[in-house]
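In the two assemblies presented below, chain A is common to both, partnered first by chain B and then by chain C.
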Partner chain A sequence: MGKYFVVFRVSLAERMVYRADFFMSTFLRFIPIITTILLWRAIYDGADQTEIGGLHYEQMVSYYLLIMIVRAFGSMPKLATSIALAIREGELRKYILQPIDYLTYMLTLRCAHKLVYFVMSAIPYTLIFWICADYLPGWPGPMMFCLSVLTLTMTFCIGFAINSLIGLLGFWFLEVATFIHAFMTLQYFLSGHMFPLSLLPKSVEQVVTWLPFAYETYYPTLILLQKVSVDEALRIIAVQFVWGVVVGGICLVAWKRGLHRYAAFGG
Partner chain B sequence: MRPRYSRILLRFWKNCLLREMTFRGHFILRVFGEVGWVFLLLVFIEVIFSKTSHVRGWSEPQYLFLMGTHMLVTSLFETLFFENCWRISDLVRKGDLDFVLVKPANTQFLLTFERIDFASLANLPVGIALCTYAAIQGGFTITFGHSVLFVLLIGTGVCMLYAMLFMFALTSVWLIRQTGLDALWFYAMSLSRYPAEIYRGFAGGTLWFVCVFVVPVLMVANLPANVMVRTFTTPFIINFIVAAAVLLILSNIALRWALRSYRSASS
Partner chain C sequence: MAEIHVRDLHKNYRVHVKPAGLGASVKSLFHRTYKEVQAVDGISFEIEPGEMVGFLGPNGAGKTTTLKMLSGLIYPSSGSVSVMGFVPWQRKNEYRRQFALLMGQKNQLWWDLPANESFRLHKEIYHIEDDLFKRVHGELTELLEVENLLDQPVRELSLGERMKMELIAALLHSPRVLFLDEPTIGLDVVAQTNIRHCLQQYNQERQVTILLTSHYMRDIEALCDRVLVIDHGRLVHDGLLRDITERFATHKLLQLRFQNGRMPERPEEFGEVTDLTPPRLTLRVPREQVPQCVSHLLDCYDVDDIAIEDPSIENVISALFRQTAEQASDDVVVAETMNG
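After this line comes the complex of A and B, so read on.
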């Protein structure tokens, strides 16, 4: 455990080196939310109904605000790419030779990245949520708060498992960067990040909401939005757990099988 | 002896085409990825117009035309300039900019045209098809003069985007790492693909002012689309062209300024 703590500490320090770059990226992340709010204002003004996809205007704005929190837990920038690159360029060899589990090592790095991100982006997040306080549903009760923490933790686990699995495809394919890009684009849509999945035609919605992506982003956002009952929230978290175990399990199998194929080229 | 830039340009493009054709599967997947993203945006528009008949005065055909125009601008920019701007940070950080500086040709020319991204060109015919479809569906009257102006403004918009992103990329000389470029591009594009009329109120109005007069990304698709399917004013067009010319000159001045601070990174 001690060695992973060292990895965590080193990664924290590494993330703090390029602070200007980090602040720039974090700041830019908030620009589209303004556009999204304005666009939906225009859509609601033009529509002859007050509810679209089961959401009022305020709830729609909240949905996009809260999805930023959910994505902060679930998104794993460059995780898949770095795993695939380590496999392709032979860098993985150095981790295999050490008394360290590579996937746990990557998980530790990611925890450090997330911690730095949450601390550094706390001010802009607080500011934008304070400005948009009128749209937000208000603080949840203790039960819903606990469920929100739980669902966000599961989001992190599913996000890590999915992205690791995509990265591990590098054992079988030489170049996966393009696949990762195409996958991210599809995920943006299927996870409800682009717009709430309830806006889709019913038949499409039924299919899409079965996939792990919906449980990684869409449903956790509904829990944060307090659009679901406690029972429904518990069901969502249970399904999240199942998806986490399934994708995590496939990930471990892929790692073991991949290692058998690994020829440690390069270096 | 004065370098023959047309021959250098052809050689650059030939090299890039050879590189793309070496990994044909990768290239085809990228093309699918690019077109897939457009498809998802069209789904989003369809969802919007299933709930409302207009967005701040833009009917569905007009909105589709704007989307098609946006696609033309982004496709041209990404094909010609995005990768070149993006790699400036890498060149600076690794000290490889030295190899560009010692070549007996204009530095900005070499930095601007060395790479061409053929996969991004896939959206050009899609954009043309979308504009044509929207024009037929909306029954717009389009004259030859308007079409010439449309092409001119798209070219101007692409040059304007290039100048701005090139200057942003040059900040890596001081920041050393500048990974915010792709995020900046993504967010600039997410701002500019919507009708300018949605930017209302204090936040929207401020954003509109900044994105029209300070960092004029909002007009790169809106202005050409307005010329074709809505109304336009001649002074605004003249200002737009002048602004693009000024930005291009500024990009050259910025490069000279940045090079004075460049310290190289190799040992």
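After this line comes the complex of A and C, so read on.
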């Protein structure tokens, strides 16, 4: 494990190199939060009812804020692209040559990226949550807190596995940008990022709630919102675990099969 | 027992063929044509521990593909390989800790960080003991004279400096087997000499087995006694470098200086005239005619000085590659005629 700890440490150092880009990207991620809250305000003001999909404006805002927290764990910016690029441009070569497991290596990098992101965005998040404190549920009890930590960890694992799998398509397709774009669009809708899945027609909701996307973001958000019982939270985490194992397993198979096709062209 | 053992190794690629032009691009959306390319076509050789062997061949001959198979980057289509008793493409960590593949102009260091950070990462990845790391790191940085560049981000280094760092990264874990693919490509003469010197010293001290490809014959001449020559995926020569001249050089160069300014009126009768600057004459003479030609010249003219030389290895090898390329194109013509 020592080598992955050093990878983690070196990656932290590397993250600090492009300071301006880092601060800008962290800052820019908060702009959509504000615009979306304003958008929902306009929708509620224009509607002739106080509830949309059974949610008041305040509940919608709290849903949106907490889903941002969950997304911060599950989203993996540039992961799929960097894997596909490493395959296409030949950079993967160095990881095959060295006594290191590529996917564990990428997971370690991602942990370092996330740690830096959380540290850097702690202040703006605190500020926004302080401003919107009235809309949010109170602090969870110890049990719900532990379950929240667990569900966020599972969200991270599912997000990593899904994005890695898309990147590994690079073994079969020269260009995966379209896949990534289609996946991001699909995920935006199906994970509950755009709006709560409860707003969908019942028949559609039933289908969507079977997909891993819902367990990556939507259900964990319900746990953070304390909208579900402990039993339901445990069920959600169990299903998350199953999805993590299934997608992670497919990833490993794709990795092994992909290496048979790999020609190490380029780089 | 041989350190590297290769038996009847083949690698075929299926390559998408697309003629130029928009029409062909549209057509290829619906119907793709593939052709099978034999990058490596049944090569066999053995390399003993501590040997330093040159791997020569024109572009596209199959050198890099062979090195990729030996290092476990890609699977072969058929054949067997054993390196230090391991099958490379099984990619066992015990194997990966004992060899290195260095490809010129391709980096394995972290671009944005100082080389020292990457070296420390290598130390952990390869489980290098503290003492050994300090010793090898010290020796190599001193040998390559890069001590003052270790804390500078890699992206700010010149190509030559970066290549030296890459070489250090490849040698830090004291590999038993080293595959080098064009390690001096694009470097200036000083950097080339530096790297060559480092490899020479490293091989002498540690008896590392090295298989080296290079387009610079000086690299090969300086480092390797034995060479493997590969062309169109086939091994055309496996033996001493100097034997290449014996085997493939069809001519010798005769350099003559005549006394009294009296020279042959028709020097072309003796061989191909490559230089004629009275009183000097240089002739390219078929090897078997050299004794007869020399004796005739000495009998009939006052020769002040005479030198008989083999053509440079570089020239012999390029002639050899031209010859095999012509043969290959002849084969294609014959095959097409027969098919047609």
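Throughout what follows, the second predicted complex is superposed on the first by the 264 of 267 C-alpha atoms of A that agree within 3 Å, B and C clash if a C-alpha of one lies under 4 Å from a C-alpha of the other, contacts with A are read in each partner's own complex, and residues count from 1 in each chain.
One rule holds for everything that comes next: a contact is a pair of C-beta atoms (placed from the backbone, for glycine too) under 8 Å apart; a residue touches a chain by one contact, two chains touch by 3 or more.
Just so it is clear, the model here is predicted, and its values are computed rather than measured.
Of the two partner chains, neither chain B nor chain C is touched by A:56. By the document's definition of touching, of the two partners only chain C reaches A:14; chain B does not. Legend: residue contacts after superposition of the two complexes on their common chain; A:2 is shown touching chain C, with no touch to chain B.
Of the two partner chains placed by the overlay, only chain C lies in contact with A:262; chain B stays clear of it. In the superposition on chain A, A:235 makes contact with neither chain B nor chain C.
Between chain B and chain C, the partner in contact with more residues of chain A is B. In the superposition on chain A, A:43 makes contact with chain B only, not with chain C. Of the two partner chains, chain C is the only one that A:96 touches; chain B does not reach it. Of the residues of chain A, those at positions 18 touch chain B in one of the two structures and chain C in the other. Against chain A, in their complex, chain C makes its touches with residues 13, 68, 71-75, 91, 93, 96-97, 100-101, 103, 106, 108, 110, 112-113, 117-118, 120-121, 123-127, 153. Those residues of chain A that touch chain B in the shared complex are 18, 20-21, 24-25, 28-29, 31-32, 34-35, 37-39, 41-43, 45-49, 52, 175, 177-179, 181-182, 185-186, 188-189, 194-195, 199-200.
For chain B in complex with chain A, the touching residues are 23, 25-26, 29-30, 32-33, 36-37, 40, 43-44, 47-48, 51-56, 175-180, 183-184, 187, 190-191, 194-195, 197-201, 203-204, 207. Taken together, the chain A residues at the contact with chain C in this complex read 2-3, 5-7, 10, 13-14, 17-18, 90, 93-94, 96-100, 259-260, 262-264, 267.
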